[in-house]
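Every chain is named by a letter (A, B, C, D, E and F) in the order it is written, and numbering of its residues begins at 1.
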Amino acid sequence: MYEVEANIDDMNGEIYSYLYDKILNIGALDIYTQSIYMKKNRPAVKLSVLCKKDDLDKVCTEILKETTTFGVRYKQLNRKVLDRKIIKIKTKFGNISIKVAYYDGRVLKYTPEYEECKVISENFDIPIRKVYDEINYETSKYIKLISRK
Amino acid sequence: MYEVEANIDDMNGEIYSYLYDKILNIGALDIYTQSIYMKKNRPAVKLSVLCKKDDLDKVCTEILKETTTFGVRYKQLNRKVLDRKIIKIKTKFGNISIKVAYYDGRVLKYTPEYEECKVISENFDIPIRKVYDEINYETSKYIKLISRK
Amino acid sequence: MYEVEANIDDMNGEIYSYLYDKILNIGALDIYTQSIYMKKNRPAVKLSVLCKKDDLDKVCTEILKETTTFGVRYKQLNRKVLDRKIIKIKTKFGNISIKVAYYDGRVLKYTPEYEECKVISENFDIPIRKVYDEINYETSKYIKLISRK
Amino acid sequence: MYEVEANIDDMNGEIYSYLYDKILNIGALDIYTQSIYMKKNRPAVKLSVLCKKDDLDKVCTEILKETTTFGVRYKQLNRKVLDRKIIKIKTKFGNISIKVAYYDGRVLKYTPEYEECKVISENFDIPIRKVYDEINYETSKYIKLISRK
Amino acid sequence: MYEVEANIDDMNGEIYSYLYDKILNIGALDIYTQSIYMKKNRPAVKLSVLCKKDDLDKVCTEILKETTTFGVRYKQLNRKVLDRKIIKIKTKFGNISIKVAYYDGRVLKYTPEYEECKVISENFDIPIRKVYDEINYETSKYIKLISRK
Amino acid sequence: MYEVEANIDDMNGEIYSYLYDKILNIGALDIYTQSIYMKKNRPAVKLSVLCKKDDLDKVCTEILKETTTFGVRYKQLNRKVLDRKIIKIKTKFGNISIKVAYYDGRVLKYTPEYEECKVISENFDIPIRKVYDEINYETSKYIKLISRK
């Protein structure tokens, strides 16, 4: 995995949301920003993009084209990720996708898909917080069940 | 104008984008977040919402319902805003809306509408940065013209 | 309620944890910090303390004595808080305190007490994340029960 | 005292250092920035300026003229400041100005003037950190002396 | 040395203090967090842990078990550290441990142990800032003495 | 290229502006800071310096000497930079230096030199924002001209 970084101090903040979509569309694994301060009291933004080796060139070029920066820097990173599986859990809102992570074959953690929760929240007009609570409750029941076996 | 604030340290970060839309939809003027650190090394988020007096109750209730916070605080603020007008500028991408601000009757600054620039960028497949440059160029010409009169 | 603020740019960072305890001990409702940048590229910390009117003097004095700042500023804030009650929920770790908030007489949200979860996590040697999950599960069952009535 | 604020998301970061000087020159008491995040993933900067009532109009106008913002907001703040005096301390680098703060007539804290320390650091080619240490040492001796009386 | 990182956007902020202790207890050299912003306006926290090669596996596993993240990334870093020694300085509060750093055999900087200063501050009921001042004064005297030889 | 980092939690914020100058003077390519939070609620600053291999030793030593840190860490980075050229553009304020970046032989972006804009802003008493607008306008005209050939 590679991490590509650029310090940006003279770009309209409106452009970031558009930039995030563009960079993710060409295959980046993740993208995030941090606030930094450069010389001469300049508030700036450090853009970080995680990507696979095959996408490194594309990602660098896209950042150079779409932002005001004159150069990017990058480094290689190692990774350790949990095995994960998407399962479907039956809830009173219908079947929901849950991302489940395993460690040594046992369920370590799980999280419902945000986009599905958001749709439910809008359709049922319930705070999304409550949607998560209900789904986590149903998932807990299921996880208890399978870990008992 | 009122500013409503809440410190939130135990809410899923995925919820904010949904929250921003909800709060703006009920009439808030602006919404933003800042990173804060609370006691016991807790990274947290301070949510700030600007709204008119008439929307204060609605905004407070929405934050209490949609977030994990147990209380909000608010204060009154005064405001000084520039006169502003939306004008249309003819560019090679078509007519674009420009927000123009005046001070003592003279143009002080202007900015193209982000959403229109984004659509152009997608339709013409040009970096949004270049779309801004072109539109700013055409707006400059127009502003020079009217200020000469 | 009052909010007292001070910009601090020349204090050893080690002092904050000690300061948080001191300020909370004299009756402050909450305390938090934000990163700011002052003139001449100075990274600094804005300290904010929320307190009741009766504690305002004490809080101001304590900040002036314990930090390097030469002055504090404060303003009055209004507040809107949810009704709340501490209930006990029976879980496999024993009885746990849950802070429950109500809106119009109905349960709106709840959260287990952090300090109790931490003790359980240490005694049972289970990740605190799992302790929360289990307690939230039991609390969900209870809330479902009482809201059915 | 007043605090004037503006959220700025589309201004070149290079402008801030120039802006700080301009705003301080027209009489502001202090100026600082914080990183914020606005809707649609926009990294932005919240500019805060502290000023006296008489300078409020001038400060608002200057921010509207010099930045890209279309409006500012402001509120009144109360203040509690320590009595302070500039004294001269004799050190091996010459006489140095020390800002001394008093509480109930006794020395509470003191700090050497940064600009003088910087000049010494350059002239003597010593790390500024060491300049502070030496000056603090001499000031400690003096403070011990006067507090013994 | 290795640096292990994880972006965390859906974890209760209360857990960090507990996490810091856990990670330091298994041998990490240092741990810190930074505020970041991820796609879809998600405020998040980047956790960074510095550790030796031998502890890399343990640290990665602990982060995966104790936090909500589904993966960590890490990279190797080089280091340059000053020679350091703990000395005891006699002060009016008793003997205090001072961490002293050397460069080319000469004292470059020193700092009193925070935990000892905190205990003194509590026992003598003196602001910790004053405890540091007194100890720094005594240490200065000692350093002047040995550098004169 | 190398990136040198140090976490600093006990240094007077006034020192950073002086430090930036010192580090840039010995040949560093760039320098910036980020706010971090260390164990025990300590707000701190992460200092990052980018430099060439030949300057690595000098930069590490300077940070160790000028700051309170007891150690620095560093890693190698790769870089991808755009070809760039300084051109002169004739404006109503005189000839101004513009940094122009090329991609595949074509102009990709450009930016006027901040220091020259600042001088103009002071000499002509015009907001620097307006100086940038005028210069960008003239540069746009020029870029349109050469790209038409």
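The working rule: contacts are C-beta pairs under 8 Å (C-beta built on N, C-alpha and C of every residue); 3 or more make two chains touch, one makes a residue touch a chain.
The structure presented is a predicted model; accordingly, all values stated were derived computationally and were not measured.
Trainee: Touching chain A and chain D alike: which chains?
Mentor: Chains that touch both chain A and chain D, as defined above, are B, C, E, F.
Trainee: Could you compare the number of C-beta pairs in contact for A-F with that for C-F and name the larger?
Mentor: When the contacts at A-F and C-F are counted, A-F has more.
Trainee: Once you find the CA centre of chain B and the CA centre of chain C, what distance in Å lies between them?
Mentor: 30
Trainee: Counting only Cα atoms for the centres, state how far chain C is from chain E in Å.
Mentor: Spacing between the chain centres: roughly 24 Å.
Trainee: Give the residues of chain E that touch two or more other chains, as numbers and ranges in rising order.
Mentor: Residues 10, 12, 14, 20, 33-35, 37-41, 43-44, 65, 68, 75, 109, 114, 129 of chain E each touch two or more of the other chains.
Trainee: Residue numbers of chain B touching chain C in their complex, please.
Mentor: The contact residues of chain B facing chain C are 7, 10, 34-39, 44, 46, 60, 64-65, 68, 70-75.
Trainee: Any idea which chain E residues touch chain B in the complex?
Mentor: 9-10, 12-14, 16-17, 20, 33, 35, 38, 40-45
Trainee: Taking the complex as given, what residues does chain D use to touch chain C?
Mentor: Interface residues on the chain D side: 1, 3, 20, 24, 30-35, 48, 50, 75-82, 84, 99, 101, 103, 108-109, 111, 114.
Trainee: In their complex, what parts of chain B are in touch with chain A?
Mentor: 11-12, 14-15, 18, 65-68, 114, 118, 121, 127-129, 132
Trainee: Which positions of chain A touch chain C when the two form their complex?
Mentor: The contact residues of chain A facing chain C are 37, 39-41, 43, 109, 129, 133-134, 136-137, 140-141.
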